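Only one structure is covered here, and it is reproduced in the block below.
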């Protein structure tokens, strides 16, 4: 119980810190959006129009402190302001439009990566010194060492442009009307394949190697030998005794990875013109769309924090030593 | 014998509390509760008790690795409870400690002589060649030979016994008057243990050192200690001259301990005695041994018996000294 | 004698391969001016050449020699990568060791900062800071990467320090009169050498990739020479579409090879760190330490 | 001569080596031993002398880098190393079991005590129902006198002594013929240690197991076992009746050294002395008798030739001293 | 709204008829963006492409590429009252797409809206005009404070919105115009919208008759890279993006159908900050200009698409008729001569320092920063080439490439030394000079402040007389040639790629009937009116 309260405390405190940093950071950026707008109109915009616009955007007419209060208030009333770059679209609308794509693509490929990587890690540690154990970590590392946007670009070029196997952009075929039907879903899968693949191979090795090392460690533990001596079935030995314990140290990384789902794909989404939040964030930063930057930053920070919280709580479920306050 | 009578270390009403993670609010445990003891110059006080009874904590408090919560520790007539900085540095020269674990107490990445150089430099001011020679002296003194070969080695290249010897050398490097030996042999092989005890015995004789010898082994306590103090649940249960205590144990816990020691002649059936550890919580009352004691009565549950002199120089804390004959 | 610390690298094929690749790039980086046939920035050759005898990797659309760019980029990328890797490791060490050693309130505060940095979205944060600093040189980028990316290492160091600080040899060092600072530097850090080395490798890999990503997004001074900048130019000039793969592929391969050499070398470090792989037998607890839960 | 009963455990010329970067570690060297039903045999030796290795070898639980270089191990007449994996899985624990040296770590931290006990029953008897197994688990807890409510607990919630008893309970769950106990009480407090020993004695009295009791504590073993094997550098340098260990005459010099190194609780003013020197390097064993570098009585032959077994007063001693008719000490 | 039966029927039949031939939708690639947002508000500066011109229409459109005037909702305009009143005659029989009739009231209403909400009046109409009145049934008069003839393109360029819908929408700058509210008079109707793609279908009730291109698709691309790929692969019919080496990359992918034409539309110009005392010195500016190899800039930075700028800054050949004949031929073109550059400086008393960089007579180093925009690779390449070229001569230039917003802030705020930027262009040269050289000009980045220049511009504004206008422009040309307030580099082209596989009739160099880029709204409406399905 104390543990849970403790974690919640950290969650709230860091949430506040993240929210505040989030408020300060974009305000440290040079150039006001109205200036950018001014430039966009090649000097045709009159000062009066500019002033009116600034007022409409809520810039410069209040103290920083007042802005902070308004910001906090808006935050909790889900009133995240109107986008500068797509004025007057509410930021929440833009996020609502792009978030599902990111969560779908990056979330699923992260989960896949964790699942496949962990499973492979367990497998190769079990078959220690086997062919896969010798090759897989190195091969997967080669991919991890490559810049993933570079891989993504190559993929687009080779598999999309040259070979025509996969589409090169978008979340689904624009010609299809979205709906709950097979063609739409096939199209989504078809479009998600390459980006997901780049994300997958870019992150797989961490899971494989992490899990393998933990497994090696756990397999050396006395309780595993003891269980083997007891005659416990191989599958139970592998999962309930070895993997179950070996996975615990992975949970923190897992939390971070899940949290990074929202932000981890900025470059991938850019390369694949994927309609996700990373894409939005990049263009928001480029056009200094304060409300949009703030909202997506916040979303990302909250995602990491929530993931951390969940994993912490999950940890206490999985590891009875923490649950009941052991050492 | 005259020297023997000078009190070097005097501990009065020592209480040590540690915060523990409770379920809701901060709680404390009291692993050391109202302990009084004296160690004379050249004397060995053996401290025995079961695991968790607070032996190490007392030992660490004496060398100021742990700050006492209450009470006073006086060494050479000087109160050392709250000293810091320069005073503490000076005190380090008086009191040293040998840890239980010869593997954990040595820095795996430092050479053997590396462990000795710093204290020699810092506390005794050796430099250059004199320092090298002093290192060799020390190694020789604790029997780490051949010196020139061994000084460049790393701890993992030594056997357990050799490591413990190094730990002793390190304690000696500051030229202390008083050493806390915290179960210095419990992790060593039987064949090596005796050698270490012998070495400590020789040093006591040659250098006039005083020891607080912490152990869980009554036999070695009797061998090495001049007096034995029995601790249970942070409280002193009994204290007497070694032979007297073994021959004539008065506290039920001492007797239980004696009976459990392999090779002892007394037989007590222990199988249905619970193994619950003593209650160390702040607000406990009564005798810590009460839930295991066959003689326990309501008085025991309510008040902690005082330490009384039952025979000459034999102090014991028990409400039921008279009933001890019933239990054998 | 000098080579002794390198011995573990040759203990198995993987780390030996890594070490050799690393060495090659190190040599390239150090002797770049001697190896590169031309200046990396001079736009004086025929533009858009495919690989020829004079220009091994061809030329760019402004007539720069890609091979020379590649060589000089290796230098910058390595300097930036290792600079950032080492710097972030140092910051991580300061935070981690102090937090782990001091404990209590200090730990609570430092851990909080660590967690905060861990939680802040890395690339996104970088992008915003970059926008603030305007297109910066690879070196400035390295600094920023280090200042935003130290937290993971700090966490690892903290937990390692905590286990080390509980060991008796730290108490022994205190007993010998060492100050806390001295203990941290001379007792704790040397015991984490392999962790530190491992952290430097991964932080370096991370920095190299992050720097490339930033450069690719155009957030780096385009006058500078680095593999990331090369990729930026290649991609903004549609090198692949034009069939000029010799422009697009080498920088990526360069990054991948340096990165690979780092992870491979890390295998050797793993070998040192992982106590299970060591031959030395861990002694059993002869005491009764664990008698109570 | 009485009719030979079948020994529960029979070791013939057993040698085990570890492959290590430094070379082959000769951890167990040409060991012969028979243990019969209802007997406790003690095995004493200092750290690294190969006790656990022998125990693991009997259980066929050797580490990856260890090999049984020679000899046969038979339990209930069956060659352990002649079985296939499945046979072994069934045989192990139902016929022979082991209490590990580090019982503290022998329990899986994330499973309840009950789950870990049930695993034994359910893996060996497919037909057993869960309720039945649970009932048996409660019985087991009774035998080792632990409140059955602890079945639902996780290992860390139990004290060390209780964990150790749980491990013992698991070891006797299937009523094996042979139980190997590898320093089952080393990590425990004296009082707890004593209560567990009493428990073991009690169980043994009822179940009549053959027990191989590994320890490094002389007094403990001599109290418990009827016969004691003393191991040095992988060899049994002496196998003797435990009663004979009260005095230090006519033993192997190593045994004598050990006996002199132990402080006695009741005897007055006996000086104790350690055995000088260091334990042997098992990769590069001293020639001849491995103990000769530390032996105060060593003479030339000791360096050259490994002594065979001498029968001295019903003890088996490997020492050249006992050739010289009434020689020795 | 309610639709009348006949039109639905006729639309229906037509559609089925076309469906039989199965004409492909015309796919248009707009500028890269993260995602589309459903914003079809003509007064929003972030409205989706097509809002102006395809859905809503202005009265007139003055095309800067062809220089043509295209009547839209008006059929005629006229200056009266000493060029202080502009009278537009509206087209008859125009209907809003919900069936309501378009009237002069709508026009007056629209301008009144802008007056009430300056944020929507992004061209600052109400700074120039004083009132808007209805004259009769089909005329609207705009009254000006003072004569400003060129301003007609803004006034007549305002998109007209229906009063019956907008009167309830509140501030026009904040109105959220989605599919249901996107009621205009243009040739297309919004058909469907998703953040990845929106579709338009042809408006059967369009006053000019139903267009032959029945369906338009606007997919989004997040970057130039992905749009280039899509274009090259033939997934787009019409785009306006930069492609390096277009012949090789684009045309060669499908020689028969893939075409491009990059007509010049403005000047990519090197702006010197004239508040910098060094750059105020004409000799320094001249030396810089002499040291720039414009041919190399064009070839290497812009794949040779960009014609070199004229010293007059006129866009040639469009403005050929405006060229001042008194300027000698050899002065009309820039020369590249490093030695002359160095000599110019030396003659003016500059000396080379030890590091090879010139130092001014009062001891200041010729060392400047050069700003361009991050990600605008053609400019950045130019910047690099310039920097290298100037270094050879002895002028130190450091390239900086901030994000667009900070760049914009820097250049408009005068916080720079040198900057590459564009010039604004209108249907005639006036707009460019006005913005760049007028002391109050909207794009006077260099801060040129010359009363005579201002006077010349004023003269142009006050007249409809071509001869007077020409006189003014001549003066301005001479300012450019002799005083070099800015340093034009190359002509900025309009990026325009098209495919003839599905549709034909595109504007070409030979038939430049409209600004061909699909982002200069409302020009694409004109192009679309001429396109026909490729029946081959």
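A few notes on this one:
Should a chain be cited, it is by its letter among A, B, C, D and E, assigned in written order, with residues numbered from 1 in that chain.
Note that a contact is a pair of C-beta atoms (placed from the backbone, for glycine too) under 8 Å apart; a residue touches a chain by one contact, two chains touch by 3 or more.
Owing to the predicted nature of the structure, the values given are computational and were not obtained by experimental measurement.
Between chain D and chain E, the least number of touching-chain steps is 2. Looking at which two chains touch through the most C-beta pairs, you get A-E. Mean C-alpha positions place chain B and chain D at a centre distance of 32 Å. Averaged C-alpha coordinates put the centre of chain A at 55 Å from the centre of chain B.
Between chain A and chain E, the centres computed from C-alpha atoms are 39 Å apart.
Chain E has its Cα centroid 89 Å from the Cα centroid of chain B. Residue positions of chain D touching 2 or more other chains, listed in rising order: 47, 102, 156-157, 159, 161, 189, 192. Shared interface positions of chain E, defined as residues touching 2 or more other chains, are 225, 229, 232, 375, 402-403, 406. Shared contact sites, meaning residues of chain B that touch two or more other chains, fall at 51, 160, 216, 277.
Touching chain B in their complex are the following residues of chain C: 167-169, 171-178, 187, 190-191, 193, 280, 283, 285-289, 291-292. Touching chain A in their complex are the following residues of chain E: 33-35, 37-39, 41, 44-46, 117-119, 121-124, 127, 154, 173-176, 192, 194-197, 217, 219-223, 225-226, 229-230, 232-233, 375, 402-413, 422, 424, 435, 441-444.
Put simply, chain A touches chain C in their complex at residues 10, 13-14, 17-18, 21, 25-26, 28-30, 138, 141-142, 144-151, 153-154, 157, 161, 205, 213, 216-217, 220, 256, 259-260, 262-264, 266-267, 270, 281-282, 285, 288, 293, 296-297, 300-301, 304-305, 308, 326-327. Within the complex formed with chain D, the residues of chain B that make contact are 50-51, 159-162, 189-198, 216-220, 222-223, 243, 246, 256-265, 269-273, 275-277.
Touching chain C in their complex are the following residues of chain B: 51-52, 60, 63, 65, 89, 92, 96-97, 99-101, 103-110, 118-119, 122-123, 156, 160, 167, 170-171, 173-174, 183, 186-188, 216, 277.
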